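What follows is one structure encoded as structure tokens, with my remarks underneath.
A, B, C, D and E label the chains in the order they appear, each numbered from 1.
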């Protein structure tokens, strides 16, 4: 029986790049599979929660989809996922992994193919320890994901905090924060500033003359935005569950075909979209969507070739995976990342224990 | 040579008609006095000539050009210099700036205007808002002259001024007429001064021409009928 | 808090303020002279940044990039004025708000259509990068100092333009009596186009200058636009002086507020919640400032009319 | 009577007929869209009392819309977790009852409108537009950074709140609720316009001096109108939150204020059915254009521009001719 | 002074350097029409504004029926019985003539916050309004939109709205302005009949009307009253002829 998939993702306005990458990665896998039993509807949420909710209603009520995916942002995820899974739709998250859905709020219909939100931050904390930093300065925007980021970092980090700052969401000028970093006597800086915020911060940081080492999650250093950050990012260490140099055939083929298809290097988000589709395809091969229990079990097995190598779900349907440390380098004219180590091995998120499923 | 020719114009404010078939003519070097009691349409006539309000019927030509077809700034550039009712100096500008704003090349420049109204030279940097009424009037005339007009239009240039100041203004107008041969359309209420300066005259009564002719032909009967109380 | 940190933050506030001034100057000019609310002013900021990034990408020259920003924004401004804005002068503010809101949509999506969804790259030129040491041992990025310099120079230039040149005099005359200045032979619609293009060029310049230290991306203009409105309302609409003082006030409030508010809250809260609460209040601070100014002076600090 | 009346009756019928068609055609999403139109139109009806009748161009009505939304979100989330909102000075429990939520939404947004209005109405013109914007932004930033109720993530309510005797999760029944409320609000707005208060308010917009010289204070008239306006928009906010079963600070953003205003302008300022037409057109465009291209905002922009430039008086104004509305 | 309905005592007002009112004391006695004349910009409208409450005097006091009303706002003065008309018509232009008159009646009634029932359906309001319209002869135009009225009819409507307040004193700023000769004559007759109801402080440039109507005339020049007296006094006053009337009058 054919499976109908609804992708709600951000395709216009700020942050559209992420949604486009997820969509392109997903569609690439579907195309490569040659499977004609899968029908995909794609809608643009404009990064607005109310639009996302409506689109979800539309997909469930009108399009009658079986599986949903695509949401990038945690706040949109929180608006859509709980009610979708309650209506017995399967949801495969290609990016957002809010803690509320990982712990007590976990659900058998909800699978996260990317990470729990805290993971990359925790990894950054772990790396900061191993790199020998004792007094780090941490900052993130003042919104839930930002607060989670600092909490996640502190969960692993063992040294002192030279300072802890919440910036304004959408802030573009970090001169004031950089001045505080300069005055704080820190030995390193951890920051989580997704999208344009990270670009601005790094450019300004590089120009400020403060030359403390910088650590962050992959979001600010990924393929889509590195070119805009430019020289300022070189040498920065960041944590990610994926990189284009992870050595396995699936990944190599993915990087190559993605580049051939779309004319650009794949990003983290593209890999997540690609994995999501492959997970779905693997379950379709094993079970019929009309038999929800069998289908869920097939998903849980995660019997597919991931770009990350082996892929495994924990008890809360979130990945148990390695998180790597990457370094920003320049290859020819292109800024990109290279893996330099493993920050956390087979990492299970902190909320898994709370999940009664 | 006919400089300004207004033929059978009508004009409205919203639904109320303010001008009915008004015609007038000014030749080069002439002074025309436009008279009439309050609210009879003198200022309205002036405003239609300067393209501040549209005419609904009739024709206005200046220097042979049909003014109907040009916007107000082009009409001004053809050589219409307006001293509007209520002076309308730019209050946020100084005296000098008021003059500069209007300046176009020609005989009249800041020095010439200062020579005509020495008072303006003294007040050069003062804001127009704080000038006395008479000074504002001088400034408004000076400003119109700075555009080097062919026809100077004075609407109530002596209104509300102390007699002494009035006299100064009249003297200046006389100078303009006799020394520079400027054509002038003058709207005013003081018959005595008008009769000394104007060549032709015209009286408006409720938006229509009541009388027109040479200034010399204006008899006491006529003025009593149309201008008296 | 050390003196150096404080001094650096004051400089930061100043720099932020000066950039805001470039945005607000055009906005206040357009509003003061033409009575037009232009929500699309932020799009001109964005156009400047994109033009600069594109030209810098092609030629590698920062100076050329700045020129391109000025030219592109001015051209876009003039074009929009002639095609759309001109029809709005006699309309009420609501129509202006809606029409210029529509322009934002067109500009933003149009830019995304041309340049794609990913942020663009525009970097500080080498000769302006890195910090310099100021008297008192303050380390401060050279580029930001340059921004302060450029901003203040533009402020002085604009002030001279408006107060000393014939064009400026005519602009101010048009502000108080549009009909009269036309009756004196000044082509008021051309004047308006010039003013609009000038305002646009300043916004474009600000976009390019800021683009080099931030990310050049679609939608970058709107947050600045809101701030610029706050600035001109605080300063008093139509006043260049008000825009400058308002900008610096907003710049300092925002920067120092972000610094002091969490510190203030830390006096009676634990650090983490003080950081949260303090920065929450800090982000509301300029709006509070604006509300207070308007409640005390309903037409802004230097506003003539309401 | 007039042509506008006939158009209005047609519009009300259309709003009723569309979801009924969708119900029988088994297109529940179309009902949801119609519900959204009704709710946003309600917000517009609220703003239109301030804007159309009072001449108060508020760019901060998102504040009331958001307060209504959060009234629902906060009450329902406490009911969801059985965690009282306050225990002192007396016990306040959450609730999942729509009528109670509505009352709270209307009262809190009315209170906020009283405060904001009392301060903002001291200014006028663009300053008023901007100071209302400023208040809206204060709420926006507050909601984003206040972690208790979800901050930027917002609050999710998993099940729609209840209304005695109805199954609110059934799209057509929830639509019926919003439709009735919208019609009541429009009836109220129509009555207001003709009432002595409406007469005075409309006169205060056209000539405040006149109103003063006959012994009334424009400030007070406007303040009352602003409060009524805020209350209705607040109620719309509560319904909107229930429609989505979700609230977030986006409801407070200036774009939300702008959109509500856009509905009114598209439909026709001061026209009773203006907000309905505007909201319907906007949502239809969003729905249809959104399917055409990733860059559909361009088309939306061009369309809006054409409406402002060439359809003066909004859609209703163009259809019905110049009636009782100001430019 | 004690029997004056309306009086000012030492009113002064300046705009920056401009002295618009200087120590002005005038009064309005029962049953009289007191005309205020003077050149443009002399400060007549400014004085009217201060009396009506639209502008605060820098110094001096204003009394209505012996009570000091200087501190009151426009609306409060209107409630106490001070009715004014504007130099430039201030009416609700989109509303009908009747609605404008009802607005006056509503103000007089003092309960503007009624949201139930229609304004035109309130019998008491409507009666007051129609009566006033009838008196100025506008009843035929009750349903006309005000913006469609001629200039003269608008002036009549202004007076009608003032009448709905059943005022103790009228303050009128150039009611004849823009009326034709016939219109002025009609309004002159009407104002003449109005003085029995309440006295009128009348600012007017139309000397025919002023000389016909006025019991007393005050002449304002550069913010100062230079003369007050009967029509004949004023016509004969040399200062007044010089400052305002001129020699031809």
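Things worth noting here:
Quick note on the criterion: contacts are C-beta pairs under 8 Å (C-beta built on N, C-alpha and C of every residue); 3 or more make two chains touch, one makes a residue touch a chain.
Keep in mind the model is a prediction, meaning the values are calculated, not measured.
When the partners of subunit A are compared with those of subunit D, the chains appearing in both lists are C. Counting only chains that touch, the fewest steps needed to get from subunit C to subunit E is 2. With contact taken as defined at the outset, subunit A and subunit B are each touched by C. Centres computed as Cα averages put subunit B at a distance of 33 Å from subunit E. Distance between subunit A and subunit E, defined via averaged C-alpha coordinates, is recorded as 75 Å. Between the CA-based centres of subunit B and subunit C the separation comes to 44 Å, rounded to the whole angstrom. Averaging Cα coordinates per chain places subunit A and subunit C 35 Å apart.
Counting partner chains per residue, subunit A shows two or more touched chains at residues 12-13, 142, 147, 166, 168.
Residue positions 108-109, 112, 276, 279-280, 283 of subunit C are each in touch with at least two other chains. Residue numbers of subunit D whose C-beta contacts span two or more other chains: 141, 144-145, 147, 295-297.
Under the contact rule stated at the top, the pairs of chains that touch are A-C, A-D, B-C, B-E, C-D, D-E.
Interface residues of subunit A facing subunit D in the complex, by the touch rule stated above, are 11-13, 43-44, 48-50, 53-54, 57-58, 61-62, 74-75, 78-79, 82-83, 86, 98, 142-145, 147, 166, 168-169. Subunit E meets subunit B in the complex at residues 16-18, 39-42, 147-148, 150-151, 177-178, 180-181, 205-208, 211, 242, 246-249. Those residues of subunit B whose C-beta lies close enough to touch subunit E in the complex are 13-16, 38-39, 86, 129-130, 133, 159-160, 163, 189-192, 206, 227-229. By the touch criterion given at the top, residues 27-30, 32-33, 36, 141, 144-145, 147, 150-154, 156, 158, 171, 240, 244-246, 248, 250-251, 290, 294-297 of subunit D touch subunit A in their complex. Listed in rising order, the residues of subunit E touching subunit D in the complex are 52-54, 73-76, 78-79, 83-84, 86, 90-95, 99-100, 102-104, 106-108, 110-120, 122, 125, 161, 164-165.
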